[in-house]
Structures are given as structure tokens and as C-alpha cells.
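Naming follows writing order (A, B, C and D), and every chain is counted from residue 1.
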Amino acid sequence: MLKVAILGATGYTGRELIKILLNHPEAQIVYLGTRREDRPQISQIHPELTGRIEAACEKLDMELVAGRTDFVFSCLPHTASMDFVPQCLDAGLKVVDISADYRLRDAQIYEKWYEAEHTDIQHLAESVYGLPELFADDITKARLVANPGCYPTGAILGLAPLVSRGLIELENIIIDAKSGISGAGRTPSPTLHFPECNESVAAYNVGVHRHTPEMDQILSQLAEKEISVTFVPHIVPMDRGILSTIYVHLAKEISQGEVEELFADFYKEAPFVLLRKDDLPATKDVWGTNFCHLALRSFGRKAVIVSAIDNLIKGASGQAVENMNLMAGFERTEGLL
Amino acid sequence: MLKVAILGATGYTGRELIKILLNHPEAQIVYLGTRREDRPQISQIHPELTGRIEAACEKLDMELVAGRTDFVFSCLPHTASMDFVPQCLDAGLKVVDISADYRLRDAQIYEKWYEAEHTDIQHLAESVYGLPELFADDITKARLVANPGCYPTGAILGLAPLVSRGLIELENIIIDAKSGISGAGRTPSPTLHFPECNESVAAYNVGVHRHTPEMDQILSQLAEKEISVTFVPHIVPMDRGILSTIYVHLAKEISQGEVEELFADFYKEAPFVLLRKDDLPATKDVWGTNFCHLALRSFGRKAVIVSAIDNLIKGASGQAVENMNLMAGFERTEGLL
Amino acid sequence: MLKVAILGATGYTGRELIKILLNHPEAQIVYLGTRREDRPQISQIHPELTGRIEAACEKLDMELVAGRTDFVFSCLPHTASMDFVPQCLDAGLKVVDISADYRLRDAQIYEKWYEAEHTDIQHLAESVYGLPELFADDITKARLVANPGCYPTGAILGLAPLVSRGLIELENIIIDAKSGISGAGRTPSPTLHFPECNESVAAYNVGVHRHTPEMDQILSQLAEKEISVTFVPHIVPMDRGILSTIYVHLAKEISQGEVEELFADFYKEAPFVLLRKDDLPATKDVWGTNFCHLALRSFGRKAVIVSAIDNLIKGASGQAVENMNLMAGFERTEGLL
Amino acid sequence: MLKVAILGATGYTGRELIKILLNHPEAQIVYLGTRREDRPQISQIHPELTGRIEAACEKLDMELVAGRTDFVFSCLPHTASMDFVPQCLDAGLKVVDISADYRLRDAQIYEKWYEAEHTDIQHLAESVYGLPELFADDITKARLVANPGCYPTGAILGLAPLVSRGLIELENIIIDAKSGISGAGRTPSPTLHFPECNESVAAYNVGVHRHTPEMDQILSQLAEKEISVTFVPHIVPMDRGILSTIYVHLAKEISQGEVEELFADFYKEAPFVLLRKDDLPATKDVWGTNFCHLALRSFGRKAVIVSAIDNLIKGASGQAVENMNLMAGFERTEGLL
């Protein structure tokens, strides 16, 4: 039984991680860390866990973590995460970091977008980007996995087959994403006050969202050329889910059937990617699941890809467990179906 | 043209008041006050007002108000309101106070429930409770009207005919109210963060909500006996609306038809109370209106009254304008149909 | 491995049942029946099941069911259920019926409220009401369990300790329930069209909802006296969850602490009932779980009980699996934590 | 006082039209037509109108309409509308048609997209496209105005300045629109059943929505070249509002400031178009108003335009009244601020 620590258990990704791990036959939660001053029962923080787990949050003490656990999930916010991850690694633990701290290979890009110095360059170099559909082999061998952002997960899965086979114009990629509000975290703010964001849809951070360099990095790697996508996120009045509508120019005319075949082939061993052919995915279809549903439509040289994920599962905690499964040698889908 | 000041224009009741007054043929907004340090355009605070009113918020300066206006709406929170209302009255202005400061006749009860000293006992004594269905004559002559709370408005309108005619057991009145979230105001909090209160319904302040003594006071006055209701408010994931489901014991068996006749008679001159006979009101039926829809069902000696209002209109700003209309000698429905 | 059939798999209770059983270590779905003419893959009906179960719906053929399965869940609507249940029982299968067909012991009451003749009086007599907190022993021995309605589950759990200990006035029980919209099933109607019921709360079937005689029957049995509750259901704009606010008169003055102790004692062996002492339950706290959260408040001789369940889990499919666990000799919580 | 008829008063556009006209100082509703067999009071159909208008729906009888009214709004669905509009025009009435029947100048395109023969080619030729920001002069002189579709309104307003000044690549226009659910009308369907579309976002009719040829027609006219946009509509769980996120390639590099100046100049006399410079519009900012809020962001040669309208007001009934105001010689903003 793998002994698991969760750092930062009081947010939404922590909560979802706990719920998934409670049904995981080979992992056991033995430590729940928080930066809070008090030491609440986790069920006081997340009442839906009452009767399912009895455990108090503990302070973030890496000696405790090292002495008691084999595997660490960091759900801490960016910059906080890189304060603790090095100690976990040095103690011989494996880590999936859900923050953004180890996603961007270039520390300067990190510093530009996150407006903070990167203080753990050493481990940044060895971190593996935790998108199992693309990097399963590396993840299997990794001791530090950077769990992808929610928007990049949905967008990259929708684009990877086309980009890696050189079938689209790389300078004309548009990602229009619509996210439920849990994606913004658990901290109250005027914008996320119910009567402000309910019954409303809005774009935000047009062209300047921090997930943009992450998409660019991975897509560029696949294309072996510099890619700079146009990314516009939107907030939609619902708890969770991300729908990414992706607009591309095909490099040559290809029939929709051929594109679908390409996707089917590319994802033939991907247990969590599903190609919808007859209808279009709604985010509700993946609610609470680790699946990404994709659909394609092409018109001459233009194509639209629709990608649906649950931002808290495939876009965060589910994918984190998928990564753990690979790193620990478990069945990749364990606890996730 | 009545020159109107709004103190505390940046909240939800301020916004709704502005929207109503913009369509009022005999009133004109000439002052928008705020406790904020900056002086924003009101359309920056409420973007839906853009292009409909161009005015900057001003600081709360009673000389300005006195010099420029005839009539004051205070949308300030309780305790803040009684800091300014006396000066308005002393300057000869008429005032509708939307806060709770002048609703409870007994300052000790105010102090108990609001945990603050009442600092304007003098004007408290002359204030009139602004429920026009019951007190139109007094309101017409008043210079200070205390606008009722949202919950009391819906509940009292549902109970007044029965209580004032002595037809129910006074010790057995239960009010189960369901409110949209704007009722809690515009300040963000963990409880009102979208992913916390969306897709959820909850009771709060069971038996200890501050609107309880207000209901007790008015109903006791109608009954000419002490009444102490059981009141449980609930929060429902929607922007606005209050549905009050009221449970009473009839003092004797009366047919549903007779009760309906009683209500029809009691409210025969009330332009904003509507008795629904064939179906039941939903809060959506009164969305954005100053109406209260009522329906009755009786079973032997038990009866249920359902009352629907828009908490921001009949429960706040609409009723405030209705009071202004009476105080200024306008048609009672002016600007409200 | 228990071989399970689901009759009527295309509705919401069927979907939730499948999701629960997919994670149940001792039960396996081997038959999915539908009254539809076509034979769709179940994942076409419930896209969220894609990749988790591959199975086509089959027509309702009791020979197939009898030949292949050990245990039957009927998710058929009332009257349709009693067309198939007898054949299942005669074939030696055990049955949990989620419809209303076997809940009311008195066929005349059934016929009055459901406006249909009861055609299986024989098995009605042996059916056990499937509320495990009250009837676990009988359920364990039963071959036909009538799964409780969603509203009765929440209400009876909130009342049972008080009623069975004779601590409340039986003629003064009021249940004000607020339900998410999935409780009304999957058939579109004008009332449940999104722009009609969104942003609105409404009462319906005041005093005449079909779940009323079910509550009366069980509570009367506990009290050993006739009870007739006042029950008013409401529709709230959310997918799922029921909050029942229950108003009672205590037979004598009892402190809140004593009432809480009574509840704690009454439910000391109930794995899915949780008493909240410090705060009040929201339906979100039980979302997707088989728990019922209860809270109590008393004021002199009046008391309020708040009860929260997920109408599709503890109020339907989760409780059905809980019953299966008891009937099949599994751990009662298997698959449900 | 202009005497107004509404054909098809029982849907959402009819309801909104009535609400606007009730506050219009120069127009009076004198006829409410329906295709229903019964003759309900309009307040039975739209309970929120109770106490504000007392009128029964009448059958669609053009003699009645001609004898009693000066001006007709048709809120009938497409194909039904062109059954009645000719008779209104022949009787000398002016008409705003909210259906799609007179929007597409080329009857063959109509027939292809709407799969119905166009039976009123004669009046089609004279109809004017009712987007006042572009065609106010023609509307003023028209006797038949085709009110624009909701999606085209938001999209064309966002594109018109750029297209008409030749500043973008015409083959690369992408419109990603997110609509509230009232846009789909009042008829229940499985897709719009609350528990299906709530808490979910989905694309639909990708590249094949009927509003596409309408956008193409108007934009082509502005560009004086054939344009074929890529249009993907989405459904968002809210009552109303459309946010259109529009992606274009600038023909040359232009600064964001210059583009904003261009828009400010283009719309300098447009009372209902508002350019947001400092922040981005949410659909809530235009809820219930006839405004279109626009914002621009440019990055090198790429630009994003965000356009927010209320689909039922600027996207339907508000714009219809704006057109009436022009056709009848009233102030353009009358009844709409």
C-alpha cells in the first residue's frame, strides 16, 4: 500500500484528490498538510468527506512527511510549492506537483509570467510534464512530475495529433476555452461572488493567461518549431468543466473522416481520451471523470476541435493520480474508472 | 421634479434604486453618495448602467445633500445609516431608510439583535414602517420611513389578513423562507463564493435571524397581542427572489374559498399584491417587479400561504420608491409598473 | 460476484446505480433493460459512462433476466414496475424496486394516490420498506425491498428518533422540503425547461404530493398512532439534493443537547447518518454521497430539524445498493464510501 | 399613440416586447395574437405580466389586426411569419418581423438553410435588415424590417468597423459565441431539460448554424466581397445573454489604441454601442438592456473582439422596438433606456 501525503489539502484539488484516493485500492492517505494555523479535521473543511475519512490536517513539516510517507502530492499554490518539493525529493519521496512551479522548463519564462523568482532550478531540470497521453514513458521513470494546468490539458489533447503530424498551420491556432468557476480556486473575490458571476459569461486575461506559455512549450516540443497560440479563457456559471473550442487551419485539405482516423490512431492506447463521432461533447459528459472527450469538424482547410474535461479531475487531481499510478507501477486507470 | 439623493449607491439596493428612478417621470437622481475613498463613475461600479446615467459617486457630505436635494434614500448598512439620517431630517429633507436602523420601535430590541447602540432615539420615535399595504396613510404623512426588510415584507404580506382578523393561532406561525443570494449583499465571503453556494440549498440563522423581531413587531401590532414567529431563512442558488412558505393553524375551520375572499378583500386596494388562485407563484413570476404574489391552501384547520417577491424590488428598492411616491404625493405605482 | 440486472437503465436513477455498481467489488452489472424500442449502448444514453462500461440496453425480457442474473433493481416508473417484479420474484431473484409500487402497504391508499389499480397485492404483502436505519433486520431477510421515495428518506430520518420515542406532538409535524430538479425525472416538460425553472424557486403539490402517504405510513408505524404530516415540496434550481426543514412541537421542554444525544444514540449504528452539531448542513455537503446530514435547533417547546440528502443517492440509487448489500450479505457500506 | 399588434405573443420575444412597450410613452399594445387554440389572458402565459397588462390573446386574424392597429411585430417562428406579414403590409401596416423570414435576401439561400420554400419573394425584396447601427436611414423609410438574429447582432457589431474599413483578412474570421438558453425558445426538449443543460457548456451546430448565412450576407455587403465566417455557437447554463469572442487577422499591424479609435469613431452616433476600454464586458453588464458592449485586444497582427448583448433585448425585442422607433419617427432610444 503506497503511503501518500497531500500538501495543501484544504482547496478544491486537495478535496478531489482525497475523494479519488479513498477509492484507490493501492494507495492510502497518511498525511494531510495545510498552511493554516489551526489543525482542523479535514471533514470540517470539506463536509462531504464526513464519515469517509477521519483525519486532522497537520502543519507542513517535511520531517513528518518524510518519516511517514512514500509519495507526495503538492496542491500548494505556485511559489509555495517549490518551498517544499525539494525537501520531499531529497528525502527520497516521489512527487506530483499540481502547482505551476515545475511546468515551464525555462525559469525565465516562469519568472516573467509568474512574477516570482524560481528557487529550485535544480529539480526543475528533471521534472517531467505529467500529460500521460504524451509522456507516459518519462512519467513512469520520473520522481518529480509537474501536473499540467487545466486549460493546457484540454487544449493540448485536442491539438497534439495534428501538431505532431505537421498537419496544421502552426501560426494560426486559436483556443477559446470556457471554464467552470472552481478553476479559479477557493478564495472569495468580488468577481466570483455568486450574484456577480452567476447568470453571466465573460472572457478574462485575453491573450495573457498564465497557461499560455505552458501550451506553447508543449506544442512547440511536439511540432519541433516555435508555436505561439492565441488563447482566450472564459468564465461560465457552473462549478466545473472546461470546454475548449479550438480553431485551426489544415496544412492541406483532409476529410473529416481522415482526421478522425488520425485521432483514433494517435489515442489508440489512451484510456482516458474518447473520440465522439456522432455528437458533440458537453462538459457534463465528463463531470467527475478523468476523461477527455474530443470531437472534430472540418470544412475545407478549416477545422474545429472541441475538447471537454473536468477541470478538477483530468485537469488536476485525476490526472495527478494517473501520474501516481504510472510512477508507482500501478495500473494506469486504477481508482479512476 | 423631485431631486433625489442616494446614500450608499454602490451596493445592490443602490443599483436597483437607480434603475427604477431612471424610468420615474417625476424624480431625478442628483446625488450618489458612497463611503468609498475614490470617486468612481457609477457606471464603473454597475456596468449595466453605462449609457443610462453619467454621474460620479460623491463622498457622504450632508451639506452637499442638503443643498442639492429634496429626498434621500439611505442604502447604507445598519448603524452607518443612523449617522447620516438625522442630518438629512434636520435639513428638512424626507428620508426612506433601507437599513434596519429605524425599523424596530424598541431601541433595546434593536440593540440586542444588532449588537449596537441606537444613537438616534429621537427620530426612531417618529419613523413609520414602510409597508404601504398596511401603513399607507402614515407613510403619506411621514418624513422618515423605515423601509421593511426583505423577509418581513414577504412574510407579513402573507400573514396580515389572517392575523389582523384574528383567524389564526398566534403561537403557531412558521415562516420558511428561501432567498436568492443578492439578499446577502455584495461583499464576498467564503459562504457566497460561487462554487460553495451554487448547486446547494441550506438553512442559516435558524430561529435567530435579525428579521425575526421585525416580523414579530408588526404582526403583534396587527394582532394587538404578542406574537413570536418561528422563522427559518434559506439560501437558494439564484440571484434574487424570496419565496416564503408560511404554515398556520386556523382558529376555526374556514374553507379555502373563504380565506381567498378574505385576502381579496384585505388587498382590494393594494396595487402590488396579487392573489394567485389557480396555480402557485414562483419567484420568477415577480422577478424585477414590485409585486407580491400570494397563494393559499387550506386543509381542515391547517393552512399554507405561499408568498413570492423580488427581494431587491418589493423587498427593498421598489418598495422604497413606492414609499417615496406616497411621501411626495405621486401616484403610488409611478415608475413601478 | 453478484450478477445484477437493472430494469429501466436510461433514467437518472439507472445512471447513478450503474456508476455506483461499477465501483462495487462484489456486484457486476450483467443486464440493462429498457422499454425503448431501440437498443442503444448505455454510453449513448449516458455519455458520462463512456469508457467505463460497454453494454447495450436490452429489451425487458424476464427470461433473459432470470437466466442471467441473481439480483434485480427496478428503476421503472410506478405501475410499470409491478408488471415485471412478480416474474423476477417467481424466478427466484431478489428485487429492490425503486418505484413506488411496493411502498404503500394498503393497496387502496396506493390506488387513491397513484390513480391506478395495484395488480400485485400478493407480493406487496411481503415487501419490506427499504430504509436501513429503521428496518435493517427485515431488509436482510427480504426478497423484495421497496426503496423509499427521496422526500420520505430525508424526512423520516429527521423525525424517526423523536417520533419513535414519543417526544413530539404528532398532529403538528411540518415538512418543508427543497429539491433539485433531477428529482422530477428525465422527461422534458414546460415546467422543467431551463429558462422556466432556472433562477426561480416554487412550491408545488402543496399538501397533495404522493410521497405524503409514504411518510404518514412509516411515521405512524413508529409512533404506533395515526400521523398525518403537512408536507410541502419545493423545486430549487440545482441538479440534485434535498433539504428538508422539519418543524415540530416537543411534547415537553427538552434541551437541544438532550435532543442531540437522543439522535446520536438512535443513529449510533447508522453508518450513513451524520449529526452536525456546530453548523448546518447544505445539500452540497452530501452531493454524490449516501449520507444524510442532520442538525437540530430547539427553542422552548419548538424544534427545527434540518435534513440533507442527495435525492439520487441516499434518496434513490445509493440506498438501493445499501439495501442490496444487506440482502446479499455484503458489508452495508460496500461501494458507498 | 401608435397602436401596436404582437403576433405570437406567448414566447420569450413576445414577453420581452410587451414589457418594453408597457414603458413606451408613444406606443400602446392593442392586439396580442397567438396560434394557440385557447384564448388565455396574457398574464396566464407570462405570470410576471400580472397586474401590468390585462389582455386576452386573440387568434391570428389579419382583419382584426388591420382594423385595429398601425404597427405589427411578428414574433412567429420562421415560415409561419411569412404567412401573415404580406397581409399586414397589404393592409398598410408597418411590420418588424422578428423571425428569419425576411433576413436573407437570396430566397435560395433561405430555402437551403431553412429547408422551406420562401412564399413571399415580393416583400422579401423590399425588406430592410434591421440593424440600426448600420442601416438606420433605410429602416427609417422601410415598411418591412427584418429584425436581425441574436447571434448576428452581436457578431456584426463587433466586426463592422473592421470589415467596412478593409482592415482585416476576410477569409479568417472566427466567431465563437456563448448563449444563454432562452435563445433556443420556449419549447421543452431533452437537450434543454434543466438537469441536462445545467452545470454544462457545449458547442452545437458547429459550422452549420442558420445564423451563419445572415452574418455572411451583411459582412459581405460591408466588405463588398464574399465573406464566409467560421461560426461556432455554444450553450451556457444561464437564462440570457450572448458573448461573442471574435478572432481576426489584421491586414496590417495596427495598435490597440488605433483600433479603439476606429471603433469609437464608427459608433460615435450609436446610442446602444458602448466601447469598454479598461475592462472586458460580461453578459451580465447588458442584462435586460438594449446595449452592446464591445472590447478589443490586439497582439501584433492578431486581434480579439469581445461583444456582449442580451439575446432577448438587443438580440431580439429591444432592437425590434429600436426599429419601430425609427420607422415611426420616435426618438431612437424611446422606451429603451
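Just so it is clear, a residue touches a chain if its C-beta (ideal position, glycine included) is under 8 Å from a C-beta of that chain, and two chains touch if they have at least 3 such contacts.
From a predicted model like this one, the values you see are computed outputs, not experimental measurements.
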Point to revise | Result of counting contacting C-beta pairs for A-D and A-B, higher pair | key: A-D
Check your understanding: Of all the other chains, whose mean CA position lies farthest from chain D?
Key -> C
Exercise for review: Determine whether chain B and chain C, two copies of the same sequence, contact each other through the same residue numbers or different ones, counting it as same when over half of the numbers at the interface appear on both sides.
Suggested key: same
Point to revise | Inter-centroid spacing, chain B versus chain A (mean Cα positions, whole Å) | key: 46
Check your understanding: Distance-wise, how many Å sit between the C-alpha centres of chain A and chain D, to the nearest whole number?
Key -> 39
Review point. Can you list the residues of chain D that touch 2 or more other chains?
Key: 180, 196-199, 237-240, 281-282, 284-285, 287
Review point. Once bound in the complex, which stretches of chain B touch chain C?
Key: 172, 174, 176, 178, 180, 196-204, 206-207, 230, 232, 234, 236-241, 243, 245, 247, 280-285, 287, 297, 299, 302, 304, 306, 308
Exercise for review: Name, in rising order, each residue of chain A that touches chain C in their complex.
Suggested key: 22-23, 47-48, 50-52, 199, 271-272, 274, 276, 279, 281-282, 284-289, 291, 293, 337
Practice item. Note which residues of chain D are touching chain C in the complex, please. Key: 12, 180-182, 186-190, 192-199, 237-240
